[in-house]
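The following block contains the structure, expressed as structure tokens.
When the chains are written out, they are named A, B, C, D, E and F in that same order, and each has its own residue count from 1.
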Amino acid sequence: AADPDPLQDFCIADLSQKSFLNGYPCKDPTTAKAEDFIFKGLKDASIISDENPWGAAATLAFARHWPALNTLGVALVRLDLIPGGVIAPHTHNLATEIVFVTAGELYIGFVANSDDVSAPNKLFAGMVKAGEAFVIPRGLVHFQMNKGTINASTINFLNSHNPGISFLPLTLFGAQPAVDP
Amino acid sequence: AADPDPLQDFCIADLSQKSFLNGYPCKDPTTAKAEDFIFKGLKDASIISDENPWGAAATLAFARHWPALNTLGVALVRLDLIPGGVIAPHTHNLATEIVFVTAGELYIGFVANSDDVSAPNKLFAGMVKAGEAFVIPRGLVHFQMNKGTINASTINFLNSHNPGISFLPLTLFGAQPAVDP
Amino acid sequence: AADPDPLQDFCIADLSQKSFLNGYPCKDPTTAKAEDFIFKGLKDASIISDENPWGAAATLAFARHWPALNTLGVALVRLDLIPGGVIAPHTHNLATEIVFVTAGELYIGFVANSDDVSAPNKLFAGMVKAGEAFVIPRGLVHFQMNKGTINASTINFLNSHNPGISFLPLTLFGAQPAVDP
Amino acid sequence: AADPDPLQDFCIADLSQKSFLNGYPCKDPTTAKAEDFIFKGLKDASIISDENPWGAAATLAFARHWPALNTLGVALVRLDLIPGGVIAPHTHNLATEIVFVTAGELYIGFVANSDDVSAPNKLFAGMVKAGEAFVIPRGLVHFQMNKGTINASTINFLNSHNPGISFLPLTLFGAQPAVDP
Amino acid sequence: AADPDPLQDFCIADLSQKSFLNGYPCKDPTTAKAEDFIFKGLKDASIISDENPWGAAATLAFARHWPALNTLGVALVRLDLIPGGVIAPHTHNLATEIVFVTAGELYIGFVANSDDVSAPNKLFAGMVKAGEAFVIPRGLVHFQMNKGTINASTINFLNSHNPGISFLPLTLFGAQPAVDP
Amino acid sequence: AADPDPLQDFCIADLSQKSFLNGYPCKDPTTAKAEDFIFKGLKDASIISDENPWGAAATLAFARHWPALNTLGVALVRLDLIPGGVIAPHTHNLATEIVFVTAGELYIGFVANSDDVSAPNKLFAGMVKAGEAFVIPRGLVHFQMNKGTINASTINFLNSHNPGISFLPLTLFGAQPAVDP
């Protein structure tokens, strides 16, 4: 479980409002349309330019991108990685994730927490091919790497409408201001 | 959202135990392997035989099929539908669902609940093409139909490791014993 | 559990506000009166007219009828059924329900979900007399029928302030627009 | 709201097991019968003997009395009070309660918590007649008194299968050993 | 456990808003400063005047005192007790508490609920010295007494940002209006 | 909120049992003693040897160290840091934390998540003196440093009985096997 339970059928986020809440206020439900519940933004692979240092891109479908997800406790991410590309170690502080590989193959892993009695700092990782899935427990450090020779893509599911992404290269070494000199 | 929160990194279901709990007991965590976190059972399309009255099949990846999901609050389903195939109206009594279409196109919809003030019994439905997604709020009646001319497939995500499926043609008209004489 | 936890003693719904949230905003708590916590709307049996096709009526006490229930995770319903009357199969997508029979006797049942390993689509039903209670697990299809010779009444409790009602005859066959032509 | 969410249709408590858990283990679900979901123990008024110092009695239907309630997040209590009878101040540490009066009339009230900004230690109380209901927010001190001239009865609903009862005359003055000499 | 889950990194309470919600609205997150996450109000011992009938004082750090706590499900209290001082029996209706003694020593206890099968109304109490901790389960009646000869202080932690305090001498005997004449 | 709600007054972990669950089974509640609810293990400062590369030590009071915490959704940690000592960046994947400084002063900070719209990768950090507190939102990267000239100590509170610790130097660079060759 993550996210408070919904209290009505849906609560499509009203992103035009300036109020700040735990989550988003809803738009008037009488204006809901079928199109609100359909999301088309994950359809196409990201073009990875030569200058992308990671050789990888993530496209998000969280509540602020797909307002119908607000209060429903679910979100999506699409990953695209060229050969050699990597989604560097990161955490989703508020959600569990399933990675479903739709093209190519990826080396995916997570690291058990340092206080895990039976598996402290243990890496659980393996090759995941198109059509296969990998599950990452809530909040743990994980990564995806394209060790193959063709582009790889995934569709990832998270059980929060705003799961958070602490991308560790940035949170550790790119924080503003710097963590410490 | 749904499911109690996890209290450790993972709790891989031990399906060999005869004890009955809310959820499953875990197997000894020292025996966890990377393979436990990978699921391969959704890779291939179901073959829909001529005798399948619905022209459709669902392949499940709930905690009892993929034990690593136990306590993590997530599950998957793969749908395959031949042209004309239909996944008849059903509910998942314990989860919200996102349908991600991976091949073909589908007519997908849900019906708002009868007590929804702004949209009682209102159908929200539309055509969803490969690469697009559709979200179904927790517990509502919904369906998928292949109105196209080629086979369609989806990968669906649910925010419970055991979301339940009340397939209404069966729960209403095929209950054992019958609902009423 | 259903509904997010309360974060103060009470949060009486302010139904006059036009804002839309997950749940309702509260009215100014300094205006709370003892009367807010008392509900009188379930006192009298509904008169079932000859033209009522179901021979039954439901009177609701959800948060929008009884604003003090907002955030408290509880609601009530009263059912009245003439002999032969039926509350047709329906689900509460967000709550478990206890039916407490206050007059007459009813045939009450629920159908286990189609994916229940031990009891797929199994009907659990029986006669429940005045003073007896029947529990319906969260989100499952259930119904009430008056097979007796006198009027029957119940007071039902649900563990959400807005449990939802998918009345299946209407959601399946009366959706607007129709589910499919 | 209260109680962890259920992870299957039902988990009827197996009270014969000696194991201790958060909640109860379930009995084998293949042995579930319709009768498990019906409770008859609240049917009759308690006889209040002359020696009952409170002039009142509470009959419980919690998970240990009605095993089908286990994991479902709901419970019942029946109160019977002779004229002058009182259910002295108490709290349910884990649940919100609705009192539904089925006979007679009662003076019912709760006291807002001492840190409630708008209503510290404020009493919200009133007369509640047969057919009327009163809601008591989670964990607050409350009481019921029969100020009428006839016996009164209630059926109370709580949103936990084991809501707890801290009966203040006993917890304060009858604790074993005594709170302080 | 308690409080709805957070849906973003933080939601610092905006106490200037007049709207009433379950919890508080957030201030504009772009205005968050490091200082918001630091609280200095528990630093000094309360001066207990001769006229303080309890010989004790509680200083609160709930969400309305420390707005950064809003939605994060945690709060603090500092207690100071002169010799003979007592924090009389009370409950926190929405939270579990850990008392950590920072100076002196205290006699601390809670009373199991009256419906606890194995320990009805049983007192669990003992002397807790500086550097030691005592845990009080959610919602149960508890107290702290300074039976020593020097001033005692504690820092207490609760797992709700607004745990509630039903101080029983006041809720029982000081309610406004009085519980009953 | 974190951790499933308790379903009884307490459920003291029975660490002698070999069964694996989400959390721990309880020991027989009739054997509970007042001493179970008192924890003495955080009383003394850790001695930091010259060979400790971090100049810091953490002493835990989670459910496996203090069994009474099981199911109650709370835990403690004590930190000791010599001048120059550091608790390197880490996350608690399942809990929010409050750091209460009991001696010395510390530079404490957390980094907002990389997807935080208003504050991506923003460091919120400051000096926290004895008697002051700092709150770290659930799952975010944070650290503590002793920039002072005397030893510093803290008592930290977390809202889960097993909050997890992903100590990033170890999970990133010390995982077994290594994250990547």
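Basically, a contact is a pair of C-beta atoms (placed from the backbone, for glycine too) under 8 Å apart; a residue touches a chain by one contact, two chains touch by 3 or more.
Just so we're clear, the structure is a prediction, and the values are computed from it rather than from any experiment.
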* Tell me, please, which of A-C, E-F or C-E gives a repeat of the A-B interface, judged by over half of the contact pairs matching in residue number. => E-F
* **Chain pair with the higher count of C-beta pairs in contact (A-F, C-E)** => A-F
* Structure fact -> Note to self: chain A rotates onto chain C (CA fit) by an angle, in degrees and to the nearest 5, of 120
* Asked: What whole-number Å value describes the gap between the mean CA coordinates of chain A and chain E?
  -> 37
* Would you mind pulling out the distance in Å between where the CA atoms of chain C average out and where those of chain F do? => 44
* How far is the middle of chain D from the middle of chain E, if each middle is the mean of its Cα atoms, in Å? -> 26
* **Residues within chain F bordering two or more other chains** => 1-6, 8-9, 21, 23, 28-29, 93-94, 109, 113, 116-117, 123, 125, 137-138, 140, 160, 164
* **List of chain E residues in touch with chain C within their complex** => 2-4, 19-23, 93-94, 160-162, 164
* Under the touch definition given earlier, write down the residues of chain C that touch chain B in their complex. => 60, 62, 64, 89-94, 107, 109, 111, 113-117, 120-123, 125, 137-141, 143, 145, 164-168, 170-172, 174-180
* **In the complex, chain D residues that touch chain C** => 1-6, 8-10, 28-30, 32-40, 42-44, 61, 66, 68-69, 72-74, 76, 96-98, 100, 102, 109-110, 112-113, 116-119, 123-126, 128-138, 140, 155, 157, 159
* chain C partner contacts - residues on chain A that touch it in the complex -> 4-9, 11, 14, 19, 21, 23, 25-29, 70-71
